[in-house]
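Everything below concerns the one structure shown next.
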Amino acid sequence: MARLCSLSEAIAENVKDGDTIAMEGFTHLIPYAAGHEVIRQGRKGLYLVRMTPDIIYDQLIGAGCARGMKFSWGGNPGVGSLHRFRDAVENQWPRPLEIEEHSHAAMANAYEAGAANLPFAMLRGYIGADLPKVNPNIRSVTCPFTGEVLAAVPAIRPDVSIIHAQRADRKGNVLIEGITGVQKEAVLAAKRSIVTVEEIVDELNPPSPNSTVLPSWAVTSVVHVPGGAFPSYAHGYYPRSNAFYIAWDKIARERETFQAWIEENVMKASPEDFAKHAEKQPVKAA
Amino acid sequence: MARLCSLSEAIAENVKDGDTIAMEGFTHLIPYAAGHEVIRQGRKGLYLVRMTPDIIYDQLIGAGCARGMKFSWGGNPGVGSLHRFRDAVENQWPRPLEIEEHSHAAMANAYEAGAANLPFAMLRGYIGADLPKVNPNIRSVTCPFTGEVLAAVPAIRPDVSIIHAQRADRKGNVLIEGITGVQKEAVLAAKRSIVTVEEIVDELNPPSPNSTVLPSWAVTSVVHVPGGAFPSYAHGYYPRSNAFYIAWDKIARERETFQAWIEENVMKASPEDFAKHAEKQPVKAA
Amino acid sequence: MSTDFTPTEMMTIAAARALTNDDVCFVGIGAPSAACNVARLTHAPDITLIYESGTVGTKPDVLPLSIGDGELSDTALFTVPVPEMFRYWLQGGRITTGFLGGAQIDKFANLNTTVVGPYDKPKVRLPGGGGAPEIASNCGRIFITMALSNRGFVEKLNFITSMGHGEGGDHRARLGMKTKGPTRVVTDLCIFEPDPVSKELTVVSIHKDVTREQVQENCGWTVKFADHVEDTPVPTETELAVLRDINARTKKAHEAA
Amino acid sequence: MSTDFTPTEMMTIAAARALTNDDVCFVGIGAPSAACNVARLTHAPDITLIYESGTVGTKPDVLPLSIGDGELSDTALFTVPVPEMFRYWLQGGRITTGFLGGAQIDKFANLNTTVVGPYDKPKVRLPGGGGAPEIASNCGRIFITMALSNRGFVEKLNFITSMGHGEGGDHRARLGMKTKGPTRVVTDLCIFEPDPVSKELTVVSIHKDVTREQVQENCGWTVKFADHVEDTPVPTETELAVLRDINARTKKAHEAA
């Protein structure tokens, strides 16, 4: 059963130096507060996994927490480059970053295979593309019925996955709504998992019998962190701060401005500081 | 885009003699009205696919529509045997029935692979079981990363899939709620598809953004057939007639009583006759 | 303490007792379903019951006739598509206990629900495996419940639908399975558990007023008894009341519709 | 008819025109997203727009900054998990048109969004492929839109992120692909289509007040022109009004939050 606890406890108990870690959220519900707590606790040597390493991983990479990254699209969505990621790849600053690069389809299938306890995923993919030439973890498998050759990638099985969700009940059952990305798969594929939520409620009351629910017994820790997805958004709670995504480009461009920002907004801050972001109303009700 | 039409048109246009056909519904939302229309139109040589061939396929088999069947559990759920199925397998009456037998896990994965346009599905399955000895379509595939051997089965790609759902809008977008079984996969895996629905509405209004919806452009025909899932049930509309499932055991036990029932309730009946079953209220509101 | 109970009631209640609040249980229809819900309504209110129709955390008020009755979805925490049920939840290794019944069982707790007689020319064509082959291999452990009879408990199965302990010993481990397999078989006369080494089913407990001779007469192989065979505690009044209540509600509901 | 428009406006509108009501379109972010929504708000109101975040049949009122803005889910017919999007909908062969942009393109409409320079020691590390490799192979056809420039339209790519026509000719078919690949590349100066046989990108239409020399100056390879090169019709007042409206709403929304 999931343990309801503080964010510092959840990170301390579940995220170890050297872990393979997935913080997921496809633009929506990105667990920023948890990412900041990982930086504050000074984790080192993490192997980061994420389809779309955007600002959250730019921060972890720039803060020196990461030794490597598996990903399929690394950018500031709609804005441009991730400067800390580029600085690590191009100049090994603050340390070298080993990368393993896939397509979205391969990553999504690899999470799916992890959740399904399969050792690999297969897809009709990578045809005519150059990634298989530079990534030895893109192989092939032959259909035993038709002889067709398909692409194969290893399943993703993180030591720990971290996601943010709308709400949990007091037993630790979690509801996710809207763009759910690969979050359910990331949690089910992982050995341990942390879910930060906007609200803890008495009754989960999913709007549909087929809503996306993670039962308490499939989650390790549940933490109440209102606003914890800022500057991404929580469908039904608060909108995405596009302005922050645009502003990040300037903050992250230079090492000094980045470090000053981390010092001020991460090292000297706490999870409770995210609550103010939860107060904005979405432009449209969910 | 889906065509809204009558049931007789939908079956006439989409179900051909000799087709591989899947009528799905995991206890819930079984497309009985459509099955009866197939019998009324006298289709022959159908290759039936269904995880749980219960009464609906007992009727098609007894009526002589089928040449073969792929399945994983053939019984009258909670009641006992399918007497028409057994008569076909044990005595070749009214004609021989070629069978290909799988486990639920394999069938579910095979539909999933069909929907995903893969030639086969893999699973951790059939370990120590005898089915692979009698079914040459259970093979194996080796993980190109770990060397692990997994079971493999061909994807299911029906010529036509038929399901029943709660409602559609006037454009032909379909909503399915409750126990959704493998219906979405069956439709997406098929060349053509028919969805019978309890209601046609102006606005689909799914209760959750993540509700199970089949968009109009992924469906061939949508038909309004209230009560069309009787004696199974439609979540939110009417309950399962357990009494009919129990009664079927006696009806189907002898060829004569079966044939009399089909004559009276199928050959002399019409899709509109199902409407009376839609009037019963579920014991619990959905 | 009540003494007025049927063998079937004893079987269901004895089966229910092995379940705990922490179990995430994949429930077969029929006798397993009754046992799991009695557990939920007595000593294990927080048990998670899962049916292969995709219903997770279900709390039915009446026992389902089928694996996918509306009652299961109405009372579930959530309901997933069937492919997801078999992929993420069962194969994903999330289920602690699978609870199965069967038409036939052998002394290594292998089950047959496929055919009696040759597969190609069956004497009796049974429903088939359904979820059982992968429930048997992917759940943490397996409980089985079925009435003891010579027809059901046979020396050799015509067909292994789902593997228990195979040929016994470390057969499961040799096939790469990391799960425990059948750890308990509850009948209307006694309870079997596999011998720790040979894995042969061994009587560990006998129900009230049942003799060893009756057990042997109703079993198709030469029965092994444990060194110390317990007396199965008789049903408590609460257990019996709960079971009879749910059976009565169920009968009424199934005849009504 | 308006004459007061920018090359970027012309590009977006020309790109929008190729889409129809019957299209099920997988929309890339940026220029493709603007074009697809202009099509939806003008001549193709029933077009189905799909973003890789899992949003199906979305009708955003402002253009999303990211592929998964809340606007997309709020206005979608439904939203699916990302693995399902790539498995059932894209790989499932349900998408008629994929609409991509890119950092670099070659004359066979192969795209690079991965690296400039060697992969191991990149001069510029670009974001990577994202959905593009499988969009390019699994959609019925591909439209591409990007501004014409020497840096973007290059003789040889350092890296093929997603295959267009590969080495040209029947290269796609030889690799077993049954889809058409890129059928149109819309720039701010002209429109290319692949030659029916060689598959080399060929200018088929030039925008108003643009010369062939300008096209050549801004393209990194020796440009082929079709026998008959059309004049791209200038934007209509409706097209321009719709594009400017949505751009204005978008700017306001993105600066607000």
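Just a few scattered comments:
Letters are used for the chains, namely A, B, C and D, taken in the order the chains are written, and counting of residues starts over at 1 for each.
Here is the rule we go by: a residue touches a chain if its C-beta (ideal position, glycine included) is under 8 Å from a C-beta of that chain, and two chains touch if they have at least 3 such contacts.
Bear in mind that the values here come from a model prediction, so they are computed numbers and not experimental data.
Using mean Cα coordinates as chain centres, the one most removed from chain D is C.
Averaged C-alpha coordinates give centres for chain B and chain D that are 40 Å from one another.
With centres taken as mean Cα positions, chain D sits 57 Å from chain C.
Of all residues in chain B, those that touch two or more other chains are 117-118, 123-124, 148, 178, 180, 184-185, 206, 209-212, 235, 286.
Contact with two or more other chains is made by residues 73-74, 79, 87, 91 of chain C. If the chains shown are joined wherever they touch, the resulting network has some other arrangement, not a path, ring, star or complete graph.
Pairwise chain contacts in this structure: A-B, A-C, A-D, B-C, B-D. Chain B makes touch with chain A in their complex at residues 117-120, 122-124, 137, 139-146, 148, 150, 152, 154, 177-178, 180, 206-212, 235, 286. Chain C meets chain A in the complex at residues 22, 24, 48, 56-57, 73-74, 76-80, 87-88, 91-94. Residues of chain C that touch chain B in their complex: 29-30, 52-55, 64-74, 79, 81-83, 85-87, 90-91, 110, 114, 119-120, 122, 124-134, 136-138, 159-163, 166, 171-172, 175-177, 253-257. Interface of chain B with chain C (complex): residues 26-28, 51-52, 71-75, 77-79, 81-82, 85-86, 89-90, 101, 103-105, 108-109, 111-112, 123-131, 134, 148, 178-182, 184-185, 212, 233, 235, 239-243, 245-246, 280, 282-284, 286.
On the side of chain B, the complex with chain D involves touching residues 1, 115-118, 173, 184-185, 188, 204, 206, 209-213, 215, 217-218.
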